[in-house]
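Next come two complexes built around chain A: one with chain B, the other with chain C.
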Partner chain A sequence: MNVLRAFRRRAAIALEDRELNDNIRRSTGMTLAKRRRLAAADPDYDELREKVAAIRRESLERRTELLAEATRQLTAAGVQVHTAATAEEARRLVAEIATRHEARLVVKGKSMISEEIELTPLLQQRGLEVLETDLGEFIVQLLGQPPSHITAPALHLNRRQVGRVFSDKLGADYTEIPEELTEIARRYLRAKFLEADIGISGGNFIVAETGTLALVENEGNIGLGTTLPRVHIAITGIEKIVPRLDDLAPLLRILPLNATGQRAAGYASLLNGPAPPPSADDPPTHGPQEMHVIFLDNGRTHLARSRQADILRCLRCGSCLNICPIFRHLGGHAYGSVYPAAMGVLLSPWLLPIPHKGARVWRGAAVSGPGHHPGNSLADVCALCAACDEICPAMIPLSDLILSAREDKGRTAPLMQRAAFRLFGGFTKHPRLFAFAGRCLRGGLRHLPARLLAALSPAWSRGRALPPIPDKSCSETLKREHPTRLR
Partner chain B sequence: MTDTMTASLTELCSASNTELRMLTDPHALADLLAEALDFTEGIAPPTALLEDGRGFTLADGVIAATGSVVLTGRFPDARRVAFLAETHYALAAEEEVHRDLATFLAAANAAGWRSRVGHHVTFITGPSRTADIEKIMVLGAHGPRRLVLGIAPLALLRPLFGDALDSRRKGSS
Partner chain C sequence: MQVRLFIPCYVEHLRPEAGLATARLLDKLGLDWCCPERQTCCGQPAFNAGHRQAGLPAARHFLDRFRGEGDIVSPSGSCTAMVRRYHELPELSDGERDDLRELGAHCFELSDFLVNRLGVTDPGARFPARAAFQDCCHTLRALGLRDEPRRLLAAVKDLELVDQTDTECCGFGGVYSIKVPELSIAQANVRLARLKEDGIDTLIATDVSCLLHIQARADATRQTLRTMHLSEVLAPIGQAAEVMP
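After this line comes the complex of A and B, so read on.
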């Protein structure tokens, strides 16, 4: 189905859901307020943002070279490095590692990339128990839902809904006290951490210079999942590699500031490789003894050569979700992709379709590259208010990129639609012709009955009355009423 | 450490719910070690995880700009202790308070990164926490419910930790 039509259908349902609207607006509002206070109090914030933007620009420009360097450094540190061209390849790599270790239980830290490749269902099919361990992600996993926000997966739920999930699915006594709910999840998951064979994480950043994997979190679940199990698998997009160790200082400062309004994340783990082998006087309980890094492409190289390449500078902080007026009304599920709002609208159409789901490609036009079709974009959903441009810590010109995605999408529009726009475009280039055509149209339309006019513009007329057809054009009205403002 | 640094550290630690203790005399240090791991005499271990959930780590420093504890791979067990403990006691030398993340990373990189820090560096700012339910902050998500950070002059630590402290400082100097 057309992605836009599917979006509209989900959006209509989301708009009716008062509880959902309240939950999203309250949570995004709180994060934005905390973020704003901290950014405003930091006199160096603009400078920090420039620095981060420069690092990410360099990351994108030197991506091929940095991937090679990171691979070299990680391998030298005893990390097993894999590259996966597609989601399918990444899923197979993880499954193979699990099989080799005869793993039964896998604990996962929150990672959007594992959502992108739909890793959990595949591992479950193979008989593994797979548990999300981030509290929000654990909640949505129990509900059988995807996360609705890239940094706050259960943002769309309130405490009563979480209380009901825990009592339904875990048999816990119903409570809606956040402390008690957190304790229920902690107890349940602590036992799993101690038993797990494999810990899976994403990767916030990889330093090419030193082969260091940086993981940022607050809960400690990623720390436990990358320390207790004997195998750690990190899956990360090829765009997450940064050149130098020094680059981590500004990145680790700006990411929590924007994601959660914190001066520093609760935990920042810089992992240089597997733990050294245990010796006699050293308890053998700490891991991991084996560490894997899977670099996922999944359409990113193709995206890097496109007009929307700059979205690969994204830090996944979630700010462009929090500030987006459309996201704030609908939440993430309406977008039908694990990546919603500005960053998602730009990134999602480039990701390769997962074969078992059937191709998501919009029928009726050629595909511009592997998996990507510009018509698959939700760029036209954007209001172009550009609030995301102002907040983006990597200074990605999000609204410009969305506009370019719209142009790309426009080229794939049906012939009649393109012809109509070309005709309109032709008129706009000739002011006299435009004014004449306007006069004719106004004269003609005035004589049509209102009901017929409404029938001619169904999308506009649904829930709105058409304004009366004016006598004068906009520019004529302006010239008369504000002669000095018009040149 | 200057008074302004101490004041700023106190404020930052309180903001992140870290219980900061400036240990300026041997008694205060002895009290902390007794509380953290029932240590009374001899040479103290650099890491310990007790049955009752108390965990102790000899830290590799503190980041003043954020009030973060720095652990590294020098003591292989440190990460396990830091994430599994109910209450994590971290003890750092006053001389190893770094101004910010950038100065720490630059110094560690100049000292050969991997040989300086081992298989990891972990920055810890406050006890583990979550705000996944209605953005309400709850302490003690999956890791420690409390983080106690003791800072003492190196001269007080040396007789208690002996070799552990020396072996760790070799790479950093």
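After this line comes the complex of A and C, so read on.
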């Protein structure tokens, strides 16, 4: 099915759900307000943003070299490094590690990339218990839903809905007090951390020069999930590598500010490999015995060579979701991809399809087989208001990239559509014809029956009135009132 | 030097008052101005729909109409933003590209022209109303004009401007309004609800296109609303005669 039509069908359902609309508007509004206050109070914010944009530009330009360097450093630190060209390869790698360790229980920290490769259903099919440990992710997992937002997975739900989920699925006494809800989740999850065989995380950034994996979180679950189980697997996109350890300071400052409106995240873990083997002299250390990093390509190299390459500078803060007037109505599910709004519209079509039956989530590229097909982009779902350009901490020109995606799409658009725009273009260089067409349009709008007009322009007229139409055009009146001014 | 008036096609055919009021304002300021005949469309619908090439004839025609000396003024932030991007079009000769870049640098949205080019922040208007101002996305973000229209409106006598600064896009977005109409309308609903909340029935903006969309939704839902282009507030009919000193 045409991706735009599929989107509109889901959007229409979301628009009917007033509770959903209110939840998302309220939640994004609160984050935006906190973010705005912090950014405004920081006299160095613009400088910080420039610095971050420069780091990410460099990361993208030097991506091949940085991947090699990161691989070297991680390997030297005892990390087992893998590269996966496709989602399918990454899935297989994780499954093999799980089999080798005869794992039964996997705890996961919040990771969009594991959603991208649809990891959880795969592991469950293989008989493993997979548990999301981020509170928001835990809630949507209980509901059997994908996350609605890349940093706030359950922002589409209010606390009454969460209370009902916990009482239905966990048998807890109904409560809607956030602290009590958190306590229910904590009690349930704490035991699981101790039992888990494998902890899976994403990776906010990887430092090439030191082979450091940086993870940012607020709940402490990632800290537990990456140190208590005997195996830790981090899956991350190849674009998340940054050159230097020093780069982390600005990145770890700007990310929470934009993601959640916080001066700093609750926790930032910098992981440098598995725990060293126990020895007689040193006190015992904690940490996993085995650590894996999987670098996922999944269409990113192809994207890096395209006109939308700059989207690979994205920090996954989610601020372009929060600020998007469209996202603020719908939440993420309507987009049919785990990455919604500006960053998602740009990234999703490049991701490779997962060739298995019953893929949970619709994905942009699934229709056309391997590689990118611009026709699958939701670039039309944008009013080009450019609010996202203004907020993006990596200074990605998102609205221009969406425009370029529309151009890519335009080149493969149906002949009739291209011909229509050509014809329109032709009109603009023939002023007499253009004026005549304008007169006909006005005449038609003035004199044809309203019902007929509405039937002729359903896309406009369903829910909108047609404007009152003037008898004379502007230039006709100007000519009468200021005869000497026209030339 | 003569100021040239650029009349966008939707002003020409759907909302001529904005062009006429801009002309009155130029008269009132005692400026020497003219309006080149045979203007068409700036080509933005094609450009924003991803058919950049189809915008080429519009850019060349605009160059033909507006080549030469003097500032170009338009009662539209959106069309001005388009003209400023003409030099990005494909298949231009180097000469054309330079000319279009030069042309873009001399093309101004009305509030930009008044405040930053002429240094006029009070054209001496009176407009008795309680109104809100709508930031049009292209005026605000493509042209970076946040304070200019507000300064002009603050000087208007008997106008009570209710501050609604943190509003978002009204949902017009050109082709977007008919490609994804449900969302376009949902966005207008948010804007209209905000107006209703503050009991405002007059909305002022720098672009007629956004106003047409919001007005169309208000009319369909029977919400009382009067939309006004900035120029109509700065030079209401009947206040044009007195030329500013």
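Simple rule for what comes next: the second predicted complex is superposed on the first by the 427 of 487 C-alpha atoms of A that agree within 3 Å, B and C clash if a C-alpha of one lies under 4 Å from a C-alpha of the other, contacts with A are read in each partner's own complex, and residues count from 1 in each chain.
Heads up, the rule we're going with is that a contact is a pair of C-beta atoms (placed from the backbone, for glycine too) under 8 Å apart; a residue touches a chain by one contact, two chains touch by 3 or more.
Bear in mind the structure is a predicted one, so any value in this text is a computation, not a measurement.
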item	value
First, second, both or neither for A:170, with chain B first and chain C second	neither
Partner chain in contact with A:152 - chain B first, chain C second, else both or neither	first
Touched partner set for A:248, first chain B, second chain C, both or neither	first
Which of chain B and chain C A:13 touches, first, second, both or neither	neither
Chain B versus chain C as contact partner of A:475, first or second or both or neither	second
Which of chain B and chain C A:409 touches, first, second, both or neither	second
Chain B versus chain C as contact partner of A:221, first or second or both or neither	first
Chain A residues contacted in one complex by chain B, in the other by chain C	none
Residues of chain C touching chain A in the complex	5, 7, 9, 11-16, 18-20, 23, 33-41, 43, 45-46, 48-58, 60-61, 137, 141-142, 168-169, 171-188, 190, 212-213, 215-217, 219-220
Chain A residues within the chain C interface of the complex	4, 8, 11-12, 15, 323, 325-326, 328-330, 379-387, 389-390, 403, 405-410, 413, 418, 421-422, 424-432, 434-435, 438, 441-442, 459-460, 462-467, 469-470, 472-475, 477-478, 481-482, 485-487
Chain A to chain B touching residues, read off their complex	23, 26-27, 30-31, 77, 133-136, 139, 152-154, 157-159, 162, 178-179, 181-183, 186, 189-190, 193, 210, 218-221, 223-224, 227-228, 245-246, 248-250, 252-253, 260, 262-276, 278, 282-283, 285-286
Residues on chain B engaged by chain A in the complex (per definition of touch)	12, 15-16, 63, 66-68, 73, 76-77, 79-80, 82-84, 100-102, 105-106, 108-109, 113-114, 117-136, 138, 140-144
